[in-house]
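Chain nomenclature is as follows: A, B, C, D, E and F, assigned in order of appearance, with residue numbering initiated at 1 for each chain independently.
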């Protein structure tokens, strides 16, 4: 699938960078602050060393777009308490394995012999449920709108196949309302948002319209290749400088303005909005998904009587401020000292797309 | 009560940490300033040991038998030592098919024959079902380094030394990962191969400083070990690193970084700059080195760290991986 | 937030399952969320599910970027000339 | 499709069979007429490898760390070689307590220090829970045999040679069996010990022909191997075999034959008759050989077989054990 | 517990042997054939090399006293079929592990991952049942009167503790009626029996009375030390030569004339006599134990619906004749060739107290 | 047929359980089948159960054998003298 454009695609990055630099130089007085919402963007920016290509006056802050990082500690503790049960198999995407709960992690549970299986698709969790009729197979439903439709489909299928031992611990969240909280923040005073390409594939452009319209922030949707990210940033800069905030998709191959209707219907059918607690951001009304009563037989929190206990953040962790873009990871006093990927204190350090982990892994503290 | 977990065995930061703890009590009688994969003792005996626990045991490009010979023999080759003898310890699970076991022995024996290596001693344990995942092999390889040159090792690295990778990286672990996560890649196979025949082509060149096969933890981990152990900087160029489209795609799909994928027939070689082109062309003339590339150099900058100049024109740190490489969706 | 990789459909297994290739890698995917899939279609795959059909090519996107860049450059030149 | 079972690993008849099958493909490059536990290669390098999988990992008299050094070092000592270097491969289970692991390393290091052995290279693998029973260690020991004497080995056995056992038999496996089957024996501990200090006392005596530590399969298996490999007969005397009341009682209770119980600090030594008494008295003067006994001799009778003159005045065959030693009620 | 007599005990053996030799020499014409009924006697005789101490005219033949050897192949197949079930754990004395059924053995089942646990007492099987409430723990009840009372106690206890998942596959057999078949045999024409010491501990002397009284055969009960065995044989020789067959216990420390009443009551309470099929000897009426209806909830053959299929002996195996004492192991054409302990054809070669195994292991074919 | 080993009772745990020693080996046994067990009693243990109390000592048995032997010998001598 390597096309002749592959070469172009890499050559275009410095040119985009040049254009962005020129643009900001020209609009000399203007310093621009943009939040990349999506953790995959955060990682791509670090991994490809893109910050070095941005003008000094272009400030990029990382947002709350890592579903692992924003998962509340009480939810991680709940997942762990399920893994501790003899009658359960926890099935999870690899992303969740190392996240520290209040006292342990799923990885440590597994090392103690508990049954924690890494899956690359929720369908594998369905298969596990079928193969282990005497166990509850509990799938950890984490992720935003991109990931939630697969969970929805699995629930529909489990119901159809009468796999009553397939349960979902539903922690899915939705992006737009969290953005509203950020757009609304006076502390932050953002000029624009680099919007997540793959969430947008599902939800389309409309759910973001309030951002330029109500809050006057520039928006571009971008894919995850360096040239796509740079193009998105350039587009945002142009909107800001022109004073014409809008939403532009730089990812038209994948993102339809209306999103993926089938996926949206699946979400509607299986989930209903609920208030959700975002680590760092606090409770955001109606920003989470909960399993509808029609599927409650598969709802792990009901079936296994999971009570969420509010749990304090580990002392000193400033994940919350990192997730809100208020500080950069290196401003956290624990960063690189008490908190490293080997012994992460907060989830931002453990999730491979957490801002702290990306900073530590790809930049640390300006060694290069 | 800290427990071991998978991360301690994946070749990155946690592995170095646990190894240094394991070595501490032995410091009474042992003392090597740098941790090479192969020791040279009594003046002229090169010796190395490694355990092989690969799953699946048979994979495109090899099997656990071939791997158990290649892996240890390569550690000798990396210090310039010609492999001569193998000691092999088997730990097998009750219920393992005997013919399957013998087929691995056949592979191992073929690799030994290819290199004129003798199996000189061995051991076989059979444990109850469920205490071994089929078969683990530990091999100890013994050989002799050339007498007429300084021994290879990190201690010889200096700024300016050029880094050459002998072939496309990550082929072995990508092959294993594909099998494990249900990806079909007909054109992919492990690079599992004995490197001595390649090393033999270049070992007389005095400019060769240090070599390392990029096994567990991959190229990235080897470079970090070099930078950290020597307190020198390393600079590499993303676009120079040989990588197949198979490995690229697998990494995209599973969210892996190819720099950290284990190789079993790929080495990184540090060469004095004046000899670099000559070494490269000798490597390229050999079947196992056709895809060799200069990927970077040792530098005085950013001491102790590895920096990568990215294709996109940026620059970033290459750190050791932490823990197990897990497929991810984020 | 969500890794998703373009794949090309190479075999349709049933209404909801297909074999797709990402470069030389073949994998079974679910196609429940995309309709009218045919062999040769490009889809974006996340966690084993095709989440969208890709329209046009990456090439087209790059071309449109070039055009936009030209526009930026022209503005730049224009303002430099000012 | 023949499957491996526990019997293949217990050191008796099935083990010899599977080992000869494993070796067959290697015959292209290897050729040793007799299978000794330790090879002597390149003129003067003694090398051996062994896997240690003992359960429980800590037992009265030792632990898996000490055992992993003693076991391999003893194989060198048995060919008269002074142990100098150890290579150690660890295969650990996810979830193993790190301090437990380090305590074994401490034991291993202490044994190394006692013998002035250097750990020169190592490897650590951590596997998923359930694929290892805690910890397996494979060690490869390297040393040098004395240059001024013919190498020890079965090839030197002749009729008339006297057989000496260096201490009470079966202590190690009886200790393990007691732990495993819930028997309390406060006065019992494993004989686990490095034999080089004992061997050093006698190695200069030219009458020493062949030595073997009576590990897996016990004294009985070693004698059968000798008789079968050399086609000589062996005669032993039940009443001469040193055996503690602890081991006797455990054997009575579980239905075991003490001749087949593994030892880890007990050797059988074949000595020319004229040197036998002198060797015996040297052995008895050392802590590890206080209970040494002459137990029999090599004979021209019943070639290839081991006969035991019983306490009751009868005579019977000693055959290799077949398969796993199982406690029985009949 | 080593007493000063320990030395005496070994010194007495050659003296007893001398006495036996003198006795038979004196009664010059008389050749005596005695069956050692018990496999443990068989093994002790071989292991201590006692045959060498017997007069030529004293012929010792081995009897059917190895409970493993006489267990019918169909029963072994039944045990294996239980081990093949996912829902079962088979608990067995180590003796049964290597016995070949029609197509496999328990050892091979275990090597394939089936759950077969070796226990040294039936109480461990009870514990297993308690620890694994979701599995049936099936104890293989093999053995004669010595072993059966422990099984009886375990059944009583399982009932009391309501361990409904503790099952017994009952294959216990009783000795006296089998002896009657042998005493009655014209082919054999025995002069006497060396009776099993530990079976006698339980049943006492009375059940054997018919042997001297009805069949005129000499009998001695002996323990298992060389001196006890030799003393038993000497006693039998004396009875035969004197023409005064009776039963004499050479093991009075352990064997009371009336046996162990408590154990007998246990047997009565839990088991009832049933016809039993003895490998080699065929069906002997009322020579087996079956679980009484009061305990049938623990009867594996009922609970698991085990149907015993008659299974042919492997071709050429002459276990039957060996067990009846009609031939010695070395007279079997397979002995030491097709049939060795590594690849046993019949159970006599696999059980550690089987006649063929003892012969192979301790004597083979006159090498010494 | 049945391995059974003499043990000495060294501790009584409850009505049906005791610790017994065979030489230096200590093991928990069941005593359901023997009554009036006291410390110091010798019992015969099979498959974890005491199946009988031992009366007298092995020594006594050996002594009685000696006597029997003497008798045999005397007969022998007698008949030799014949």
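To be clear about the criterion, a contact is a pair of C-beta atoms (placed from the backbone, for glycine too) under 8 Å apart; a residue touches a chain by one contact, two chains touch by 3 or more.
Worth saying up front: this structure is predicted, and the values here are computed from it rather than measured.
A.B. asks: From the centre of chain C, which chain's CA centre is farthest?
C.D. replies: Farthest by centroid: F.
A.B. asks: Among the chains, which is located farthest from chain B on the basis of C-alpha centroids?
C.D. replies: Computed centres place F farthest from chain B.
A.B. asks: Tally the contacting C-beta pairs at the B-C interface and at the B-E interface, and name the larger one.
C.D. replies: B-C
A.B. asks: So the centre of each chain is just the mean of its C-alpha atoms; given that, what is the distance between chain A and chain E in Å?
C.D. replies: So the centroids are 71 Å from each other.
A.B. asks: For chain A and chain C, what's the span in angstrom between their mean Cα positions?
C.D. replies: Inter-chain centre distance comes to 21 Å.
A.B. asks: Mind checking the centre-to-centre distance between chain D and chain F? Centres are C-alpha means, answer in whole Å.
C.D. replies: Computed from C-alpha means, the inter-chain centre distance equals 36 Å.
A.B. asks: Out of chain C, which residues touch more than one other chain, so two or more?
C.D. replies: 1-3, 22-23, 46-47
A.B. asks: By the touch rule stated above, which residues of chain B touch at least two different other chains?
C.D. replies: Residues 3-7, 94-95, 128, 130, 182, 245, 255, 328-330 of chain B touch two or more partner chains.
A.B. asks: Of all the residues in chain A, which ones touch at least 2 other chains?
C.D. replies: Counting only residues that touch two or more other chains, chain A contributes 2, 39-40, 66-67, 93, 110-112, 120, 143, 147, 227, 353.
A.B. asks: Would you please name all pairs of chains that touch?
C.D. replies: A-B, A-C, A-D, B-C, B-D, B-E, D-E, D-F, E-F
A.B. asks: Going by the contact rule set out above, which residues of chain E touch chain F in the complex?
C.D. replies: Listed in rising order, the residues are 1-5, 8-9, 12, 15-16, 19, 22-23, 26, 37-41, 65-67, 93, 120-124, 143-144, 146-147, 149-150, 153, 196-199, 201-202, 227-228, 231, 234-235, 238, 250-256, 260, 262-263, 266, 353.
A.B. asks: Show me the residue ranges of chain F that touch chain D in the complex, using the header's touch definition.
C.D. replies: 1-3, 5, 19, 22-28, 45-47
A.B. asks: Enumerate the contact residues on chain A facing chain B in the complex.
C.D. replies: Within the complex, chain A touches chain B at residues 2, 10, 13-14, 17, 39-40, 46-53, 66-68, 93-95, 97-98, 107-108, 110-112, 118, 120, 143, 147, 226-227, 230, 341-342, 351-353, 360-364, 367-368.
A.B. asks: Using the touch rule from the top, collect the residues of chain C that touch chain A in their complex.
C.D. replies: Touching chain A from chain C are residues 1-4, 6, 8, 21-23, 30, 32-35, 44, 46-49, 51-52, 54-62, 64-66, 68-69, 72-73, 76, 79.
A.B. asks: Going by the contact rule set out above, which residues of chain B touch chain A in the complex?
C.D. replies: 3-7, 13-14, 17, 181-182, 239, 245, 254-255, 257, 301-302, 304-305, 307-317, 319, 322-324, 326-330
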